[in-house]
Amino acid sequence: MKKLINNPENVVKEELEGISYAHPDLVKVFFDPNYIVRADAPVQGKVGIVSGGGSGHEPMHGGFVGMGMLDAACPGAVFTSPTPDQMLEATKAVNGGAGVLHIVKNYTGDIMNFEMAADLARAEGIDIESVVIDDDVAVQDSLYTAGRRGVGTTVLAEKLCGAAAEERRSLKQVADLCRKVNGWGRSMGMALTSCTVPHVGKPTFDLPEDEMEIGIGIHGEPGRERMKVKSADEITEMLMEPIVKDLPYKSGDEVLIFVNSMGGTPLIELYIIYRKAYEIAQKHGLKVVRHLIGPYITSLEMAGCSITLLKMDDDLKKLWDAPVKTPGMRWGA
Amino acid sequence: MKKLINNPENVVKEELEGISYAHPDLVKVFFDPNYIVRADAPVQGKVGIVSGGGSGHEPMHGGFVGMGMLDAACPGAVFTSPTPDQMLEATKAVNGGAGVLHIVKNYTGDIMNFEMAADLARAEGIDIESVVIDDDVAVQDSLYTAGRRGVGTTVLAEKLCGAAAEERRSLKQVADLCRKVNGWGRSMGMALTSCTVPHVGKPTFDLPEDEMEIGIGIHGEPGRERMKVKSADEITEMLMEPIVKDLPYKSGDEVLIFVNSMGGTPLIELYIIYRKAYEIAQKHGLKVVRHLIGPYITSLEMAGCSITLLKMDDDLKKLWDAPVKTPGMRWGA
Amino acid sequence: MTISRDDVLMWIKNYAGVIRENKEYLTDLDAAIGDADHGANMDRGFQAVLGKMPELADKDIGTIFKTVGMTLLSTVGGAGGPLYGTLFLQAGMKTAGKMELSLEDLVTTFEAAISGVVMRGKAEVGDKTMIDALTPALEALKKASEENQPIAEALAAFAEAGKKGMESTTPLVAKKGRASYLGARSAGHQDPGATSSYLLLRTAADTWGDA
Amino acid sequence: MTISRDDVLMWIKNYAGVIRENKEYLTDLDAAIGDADHGANMDRGFQAVLGKMPELADKDIGTIFKTVGMTLLSTVGGAGGPLYGTLFLQAGMKTAGKMELSLEDLVTTFEAAISGVVMRGKAEVGDKTMIDALTPALEALKKASEENQPIAEALAAFAEAGKKGMESTTPLVAKKGRASYLGARSAGHQDPGATSSYLLLRTAADTWGDA
């Protein structure tokens, strides 16, 4: 394993120290329990938005704390859900009296830890809404399993709900918006390589030089299927078609395309993927009105990409364009 | 070689198509010869700024075209300097009557091709200034060799000169600013892995699982020295100390720290590097007033990082903070 | 024959050692069908628990279990944290103020503890989770208690049933937890959580076998 | 004995084939001390030159060389593009309007071409560049011409001197071009540009050897 780290046990702590040195104008970093809140938290009268999850997905979530997006993020150990005490402290720190929204990715650990935190926060008199993101079409949806994973749509939901909260929409409105975004967003990902959890020291899975995994999540876990590596255009089709069919997106729909690097895939390749994704969207009569291209929800240094499609309407377009000022996403401010 | 590409020969063309689909609001993309200009070019009365170089360093340079940064970028083949005809067309397309600055990284190929382009542009009556960036302290500086490579400072110079041109400073002023930035900026880089040029199909060099290269450039070339992998803190010291000594930066100086991923190194590790770089700067009495952290000048999927230090003054701080709106760097707009 | 406060502390301490020894094994199991962190998570949690030992020296069993539960809850994270945290918190509720446990106490305690895990995780036997080890083990313990077996034999049956339950997870297709995302690919691998649960029961039997 | 317009075209065409054959070899040399693109760059350029062949069929030697130079300039990029581009452009200036070249013409043509490369790249013999192959080759050609040797022998000496020059680059520490960044680590590797230059001369000797 070659990584730019010191002791594997200290990766998250040292990363947080780096963030605290870099962005004191945007965020405050707390330790034991670990959480990041926007510098001006709590914003009185504004719904607070808290998210969190395992580390290793940077910039998500810590990099999305700031004006127009998250009020707080709780980083767990690498690929491990954070704990209820982190979430509780973060929730209290950003409660400006208008309630707090928990945006939770659909993993058993995240769900259970956030559930416990919400119970504790409610016991302290804070209004809590929790919305679960489960947008991964690679996973068969079923009432009798853990259901779909939360992946790329999480990034979009955090941006859009952040903008809505900034407009002083109510907790109910922001939570409903989050559910709408989750309902309108679909994702699928693939990996060319595995990744190495620092304290494990070896790749989570082995992938021969000529094979890839299709239908991966964001925790270095293997995907639904392993197969020979294909061309960028073929891979884009294998990701786009199940997405488009799943909602189903209809000819004439406006969409946002989000092409995401899993960490190790460089920008030049993302644009090659975006090119084909755009053409496929057009072929289906979808109007691509917004986009996001880059490493936003990653799995450490994994090479690969994911594609997310989100159906857009005028409200979502307005919220997407609203100013955002965080370490990891910034425009208009 | 596993990459998200189609035919290796078409990598740059398809990337440019992706860019043209994604950012029509920011840039116009031209083919044969290939160049990217800002959507509203030429801006009358504004100095035009043109840069360019081999592809594979994304977002540099194409991702830096837009308001407040470059007016045009010329992408060559991967790791290969572009050609004079590209540069000439780009220069003509962005000439708003106030002259054009060529920002050239110090590589023999880039120098010679830009020289020829400048001659051709002057022959067409366009005022041209060329500034060469050579900030890599890993390379011994000497009159009798090709001198130092242009690396991280290029990104900073493009941002700062872009802001100065936006203020309608004259060609002479913008060129002088660029020379000042080059004089005040120093960089050094390292690699944990090699990278694979698409049409070559195998890594440029072999690096055993427990070794790293120190003093690399940005073209996948081996560095000055190969050694056993060290900790992030030790590596940061090995990069920072030669940088700090070279200018020399003095106690009390204000600096910008730029921690750059070579492409495959994820953000979580960059913050661990930034943490130590910040502490070393403080130890030297340097005041860190600005920062940039992320993959900005990359070598395809290479794992590794570079650090750039730039001495700052009030003018540079103001120019740094000025709005910029490009696919790869954006704030305040 | 009863389990003393000290026996309980010894169980926890021994289990922390067992987890340390099996850290890589559990992580490897999790790498196959999960995200390669179960060993590290459990180890982080039980090392933190070890750090709490001094302040537990003179506490009742309920306080001991509650402290273990709270510590796991705030240090393990992932699915394991809330599940094992709940297990010990529920055990703590049932044993509040107690300084020793009879076999019947053990049954009611584990019954409460394991019901807590079921309530939290909503898994059933056959979903390829911890529950596949815990539920049959509890049944065996109940049966032994009803049959008035000696505590050592009851605990041996308890651990043995847990082992069978753990092994039964191998062919299963996961329905709960992270492994469920793999669909059919999850079959053929033993569940990491069932394994750490079996080890917990086995350590109880080993620690208390001659109680 | 002279070199005809057709001989010149054949030289260019043969060299395009030689580059194609040696593409990987040149890239491997460049990988060791440069950036692994010299073979691909030269091949891209000379494939484009081949595409220009039809329109050159009835042109004079100056036009042929000028077209080759302009094509290389706009397709090769890197250091090789301007250097080989300049070489052919300068050759084109010296041969404007000519339909055939004597040995003396060859000397003045290569003299101008190679001076162009020196002016453009500012390298000297010993800097570990193309110049290390080109300059001694030119000297040998001059000498052969002064000694009135037959053109075939002169060209053989020309190529042979280029080969020696190419080989002389191996122990050198690079002073120009990308390899200079490696410092002492550049020693022990043959220079890719000197290699492609030698191949250009060798192809001339092979193509025109029986002219």
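When the chains are written out, they are named A, B, C and D in that same order, and each has its own residue count from 1.
What we mean here is this: a contact is a pair of C-beta atoms (placed from the backbone, for glycine too) under 8 Å apart; a residue touches a chain by one contact, two chains touch by 3 or more.
Since this is a predicted model, take the numbers as computed values, not measurements.
Undergrad: Walk from chain B over to chain C along touching chains and report the minimum step count.
TA: 2
Undergrad: Could you state the distance in Å from the CA-based centre of chain A to that of chain D?
TA: Result: the chain centres lie 55 Å from each other.
Undergrad: What is the distance, in whole Å, between the centres of chain B and chain D, each centre taken as the mean of its C-alpha atoms?
TA: So the centroids are 32 Å from each other.
Undergrad: For chain C and chain D, let me know how many angstrom lie between their CA-based centres, rounded off.
TA: Using C-alpha averages as centres, the distance is 76 Å.
Undergrad: So, what's the distance in Å between the C-alpha centres of chain B and chain A?
TA: The answer is 29 Å.
Undergrad: Please categorise the chain-chain contact pattern as a line, ring, star, complete graph or other.
TA: Contact map by chain: line.
Undergrad: What are all the touching pairs of chains?
TA: A-B, A-C, B-D
Undergrad: So in the complex, the part of chain B that touches chain D is made up of which residues?
TA: 33, 54, 76-85, 107-109, 112-113, 115-116, 136, 138-140, 144-146, 149, 197, 199-200, 204-205, 217, 219-222, 224
Undergrad: Spell out the part of chain D that touches chain B in their complex, as residue ranges.
TA: Counting only chain D, the residues touching chain B are 27, 31, 33-37, 40-41, 44, 73-83, 120-121, 174-178, 180-183, 185.
Undergrad: Help me check something: in the complex, which residues belonging to chain A touch chain B?
TA: 2-6, 11, 14-19, 21-22, 55-56, 58-59, 63, 192-193, 209-210, 212, 229, 231-233, 235, 263-275, 278, 288, 291, 293, 295, 298, 300-301, 303-305, 325, 327-328, 330-333
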